[in-house]
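Note that the chains are named A, B, C and D in the order they appear, and that numbering of residues resets to 1 at the start of each chain.
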Amino acid sequence: MSATPTPTRDLLMFVVFAAAVLTMPMWLAPIGAGYPDLLQKFAIYGLFATGFNLLFGLTGYLSFGHAAFLGVGSYTAVWTFKLLGMNPIPAAIMAIAASGIFAVAIGFVSLRRSGIYFSILTLAFAQMSYNLAYSVLTPITNGETGLRVLRSDPRLFDAAGQGDGPLVSTLFGIEMSGYPGFYFCAVLLIIGFFIAQRIFRSPFGTMLRAVKSNQNRMNYTGLNPRPYTLAAFVISGMYAGLAGALLCITDPLAGAERMQWTASGEVVLMTILGGMGTLLGPILGAGLIKYFENIFSAFNEQTLHRIFGFLPDFLETPVVAITSLFVGEGWQLTLGVLFMLIVIFLPGGIMEGFSRIGRMFRRSSGAKGSHQTAPAE
Amino acid sequence: MEILKVQGVNKAFGGLRALNDVNLSVEEGTVHAIIGPNGAGKSTLLNCFVGRLIPDTGSVMFGNTSLIGLKAHEINQAGVSRVFQTPEIFGDLTLLENIMIPTMARRDGEFALKAWGRVDQDAEIRDRSMHMLEDVGLASKKDMIAGSLSRGDKRRLELAMCLVQDPKLLLLDEPTAGMSRADTNNTIDLLKRIGERGITKIVIEHDMHVVFSLANKISVLAQGTVIAEGTPQEIKGDPRVQEAYLGGAHL
Amino acid sequence: MTLIRKPLSRRSILRSGAAGGLVLATPTIFTSRAWSAGYLNEPTGDTVTFGFNVPQTGAYADEGADELRAYQLAVKHLNGEGDGGMLSTFSSKALGGNGINGKKVAFVTGDTQTKSDAARASAKRMIEKDGAVMITGGSSSGVAIAVQSLCQEAGVIFMAGLTHSNDTTGKDKRANGFRHFFNTEMTGAALAPVLKNVMGADRRAYHLTADYTWGWSQEESIKKYTEQLGWETVAAVRTPLGAGDFSQYITPVLNSGADVLVLNHYGKDMVNSLTQAVQFGLRDKMVNGKQFEIVVPLYSELMAQGAGENVKGILGSSNWDWKLSDAGTQAFTKSFGQEYGFPPSQAAHTCYVQTLLYADACQRAGTFMPSEVGKALEGFEFDGLGNGPTLYRAADHQCFKDVLVVKGKENPSSQYDLLEVVEVTPRAQVEYPAELLGGELGSYNNGV
Amino acid sequence: MDVFLLQLLNGLDKGGAYALIALGLTLIFGTLGVVNFAHGALFMLGAFCAVSFNKLITLQKIIIDPTKTTAWGTPLEVRTPYAEAMFGDFGQWLVNYSVPVSIVLAIPVMLIIGFVMERGLIKHFYNRPHADQILVTFGLAIVLQEVIKTLFGANPIPQSAPDAVRGAADIGAMLGFQAGAIVYPWWRMVYLLFSAAIIAGVFAFLQFTTFGMVVRAGMADRETVGLLGINIERRFTIVFAIAAVVAGLAGVMYTPILPPDYHIGMEFLVLSFVVVVVGGMGSLPGAVAAGFLLGILQSFASMNEVKDVLPGIDQIIIYLVAVVILLVRPRGLMGRRGVMEN
């Protein structure tokens, strides 16, 4: 049995989600993640994964080149800064538009194929973009060093306004770094989530799930899957473009490595890890991976000795030795183990874990309920 | 009036001639059965009607529209629906969604970017779909995942998905294959009820019981050619048919 | 051949760890801009926190590990533990082995992954969460430039680790950023005369260049200086970063008429291209009546290890080498070798020196305020840190010192003894006017 | 002309390497229907079989000489390799031929790794969505990489070819060209022959044995073969182990060309996927053809004459070719309908 959640439940979910996102600085602080940069990354990659999930989770088309849109969004945002000024709004709009156009072009070609052939086509386009951005296109992308805003840039609308201050994006005088930057990203994540939720429940969303379920039947039902998949591809490309723009709004530097296949692979992993086709899963997956990358990599032996300092010496040394394999330079090992454990024990990702816990809870409370009604009979 | 007119259709796969100058005409409102031994070309012919195959030569006219070269979804939008030999449904979706999709396809066309409103709040689509589910007796299972249905239910669901579109022509590829006698009879009843709506049907069927209880007209296909055509009574007595079916051996 | 990691002794960890704990425990909100008074992350307790941002994963992980060892050693020495290393040979005697400005040194570490985005994220964590006043490290120029501009925007000092591109203190220089390591310009100036002496003035060079900014900058410098000395450049071919197999770029060299191959590659690219070039028999070749030669402008010990015996006799340049005979080098090598069991790499050296230089500047300035510390570093003349008399030039925050021309050793005595110093090019010969490389320092940012 | 011939040789050599890596991958795709992101890691493990073998036979006896000290003041250690001390000339020969000899080690090791991987992990993922397969195999690849990194460090570890085939051969002179015009490394020719032999071996195995026949039938139609009552599961294990061995051997023999590090597999992963898909899913000849095609085109695209006209073409040629082929031929060069298409 799986009925679509009612509008009320969806609203509740949205409100809880929005509240959770906005209060992240508070409840993430105890686990060491309550600082602006990581919070921004959570929001931005959450948005990226949400958009990716609209394509992959709903239609089943696995794009292995979505990082290209992240890169295009980033470069467009920085160029907007350079040419027009440091306001984040035009940068975001231009980035969405540019990545949208780019997605139309790549999607139009790649969607002529399905399955792994589609994956490889998208991978090929992204890798070409990456390789060219790194080398031949350096005049546009500034290659390895990355594209930045320079004082000598025209910045039509605010060149005069800024003196010697740092070149960061400002919205109505508020610098988009630190916590203001996080709240800007958070608001966009919430909007992005809201749109994704609407799409999930809309006729369009149903059609996308139909694409995943049975394209043949879809054809014989008088529906043309191509424009549906293309629309999903473009929308998810725009999400990626916006995420790319946000990376530059909070930190005005766009590097080519953002387009590399590893970056595309990362969003795939985020989505699968969290639970593809679910609304919250990809955001959780993104948060988890970014948390490991930023927090687990920061542990060193010093910190470990402090953490395990309460242990007696003969225990402390081996415990630290073993743990140190999984943190610091070994953080990727932890991530690899985590991928395997989750997929082995929780097919369907973290969300599957939640729903299992939920079911267990309901079952036990249900059992209790019947218990209570028994005497009444 | 003829709703479907097939003239001089040929189709070869490599050296194998699957269809050899097939001519067929289906009258509006009738049930037209196509029978024939295995490998006679029945499915190939059906595939030529729905855009899955393109004939090498010949024409397939649906009313005034040529179906040749049209894509599958365009043919459906023109008013031709098809039930498959193995049910093609949206296995990951609920029954209700399975019905809503063709309903929306009929109303909104081959593509509509309706990404905002909730699908379950579209009263028109919902009512129509529920009505259809009730018609085929699946209303109580509307929230079940379609893939978990029994084979018989899947067939009924698929049939409902086609019927909800009010097609002008319904193609049925062995609608009772693999069914028990009781299920078969249910299906015959269901099909007869649809008959009352005046939908033209083309049925491919092995089960002669089904054929003779439904069809107004029968075409017999053997080795890619129509060898006989007529009412059930005429076909029953035709020696060529018997030969085609039984190889003319012992009767 | 791996450099086996040896953990720090427990005692020293506990001591510096206890100090670090206080900083880590401080809630982030109190370290944010709004609260602090004079400058960003002003240390308020009895410790000051440094951020060591090195590659811990990816191709440069071993180099990063070596850098981290050097940093930890530097922190020990600054806090008065161990034998004091180069503190005893350093010409400035401001530091007394009791921390800096009365505060003990603590540190946090992070992984740059040799990616600009990851490096900046890691540096931001150190600044925003851990309250670091100084960020240092890095093993590639793209990352160094990215982190340097971040530190400028945030308002902390950046002491660059291993970065060799001209841009770090040229086109992309920043007031808050300082570099001790040398650059491609100096490599060209130091290497070209030696090349001329060894190979003659009538040579035809073929460049294979990693297709990104550092590669281009290296190619340009070598071209410029060798052409001044009479060499001819036959071709300069760009190769994609991480190509792996370079055979398709090496074969055209064979019949190009060139008699020298210059490999403007670093790290794995260099290991691979050199290994393969030697396999193609280039070094056994006679062209134009001369022995064919290969040149690797920038060497590192780890690359030499990776390329194995293929480096024998191949010329290149280096920032420093543990086999130098000055007192500073000997003190550092002794201290590092005793701690970890093998000699330090040039990456470790530059990172160690940068930490000491920063600490010394803070002590002399009496504060950790970036603008004051920067002024103390600007124009600072010092000696005793392994490179002879050195100047931190005020105009571009670049150190000027002797440059080593090195050669792969024919008969290494151990796995750490792979390079031999051919010539110590005096500082005067590698100096260039600051305007040559363009860029603009801008003004210091204290982050408030 | 000579330039052209050299690039052709390069292309063949690259193609051999690509084909060899892709071969195992497509075998796993075709028979098991599993997207194996750990295939690169298998290649890497193979390479580290060679490294381990070399380390093993060059294990050194360490004697501390208290009379001498190192530059940093600790007593000097004098090292003598055991193999030389114990076996004399044979030991030296062993060290010299360590790369080809380590094949002997790599075959059983890779068989065991393949067997354990399939039985312990992959088996449970046959009927799971591709997404799950990607996640679990990618996780496994990371774990294997990190283990190797912990054991061997991140720096490349050089392995040399035996003296007899070190250096380059003057093919030009043999073919009557000017001496020195066409010079090609011996080891690369060995590698080309080796990959040709392995490819031929795998094909022969599949073509001429009953086992191979069943596997091919399984590739063509898994369900039917299952219905025939043939225990396809056991054969899957063997196929996976064979694929692991092929990938491992490719890794062993590649070490003199590319000093291996823990990350070497990842660098080949994307490429091998492109080769397999361009060749067509589930087609062994397709993978081999695509390997050689891409290798040769990549070599020619790197020629200065080509790069002058189209800057950067050498960096994207593989992907460009992949796009063109997939658009012209929907299922790659020799792919079949329905394999991994949804």
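Please note the rule applied: contacts are C-beta pairs under 8 Å (C-beta built on N, C-alpha and C of every residue); 3 or more make two chains touch, one makes a residue touch a chain.
These figures come from a predicted structure and were not determined experimentally.
Distances between chain centres, each the mean of the C-alpha atoms, put B farthest from chain A.
Nearest to the global CA centroid, when each chain is reduced to the mean of its CA atoms, is chain A. Distance between chain centres (mean CA atoms), chain B to chain C: 74 Å. Centroids built from CA atoms put chain D at 51 Å from chain B. In this assembly, the C-alpha centroid of chain A lies 45 Å from the C-alpha centroid of chain B.
Mean C-alpha positions place chain C and chain D at a centre distance of 35 Å. Residues of chain A found to touch two or more other chains are 131, 135-136, 332. Annotation for chain D: residues touching 2 or more other chains are 312, 315.
For chain C, the set of residues that touch two or more other chains comprises 57, 61, 65, 211, 238, 240.
The full set of touching chain pairs reads A-B, A-C, A-D, C-D. Against chain A, in their complex, chain C makes its touches with residues 7-8, 10, 13-14, 16-18, 20-21, 24, 27-28, 32-33, 56-57, 61, 64-65, 68, 107-111, 115-118, 120-122, 124-125, 128-129, 141-142, 145-146, 149-150, 152-153, 155, 167, 172, 211-214, 238, 240-241, 440, 442-443, 445.
Residues 56, 60, 62, 109, 112-117, 120-121, 123-125, 127-128, 131-132, 135-136, 215, 261, 265, 268-269, 272-273, 276, 325, 330, 332-333, 335-340, 342-344, 347 of chain A touch chain D in their complex.
By the touch criterion stated above, chain C contacts chain D in their complex at residues 1-3, 57-62, 65, 211, 235, 237-238, 240, 242, 244-245, 247-249, 251-252, 254-255, 268, 271-272, 275-276, 279-281, 284-285, 302, 305-310, 322-323, 330, 333-338, 341, 343.
Interface of chain A with chain B (complex): residues 1-4, 7, 198-199, 201-207, 209-210, 212-214, 216-224, 227-228, 231, 235. The part of chain D that touches chain A in the complex is made up of residues 35, 121, 124, 128, 130-132, 134-136, 138-143, 145-147, 150, 270, 273-274, 277-278, 281, 311-312, 315-316, 319-320, 322-323, 326-327, 330-332, 340-342.
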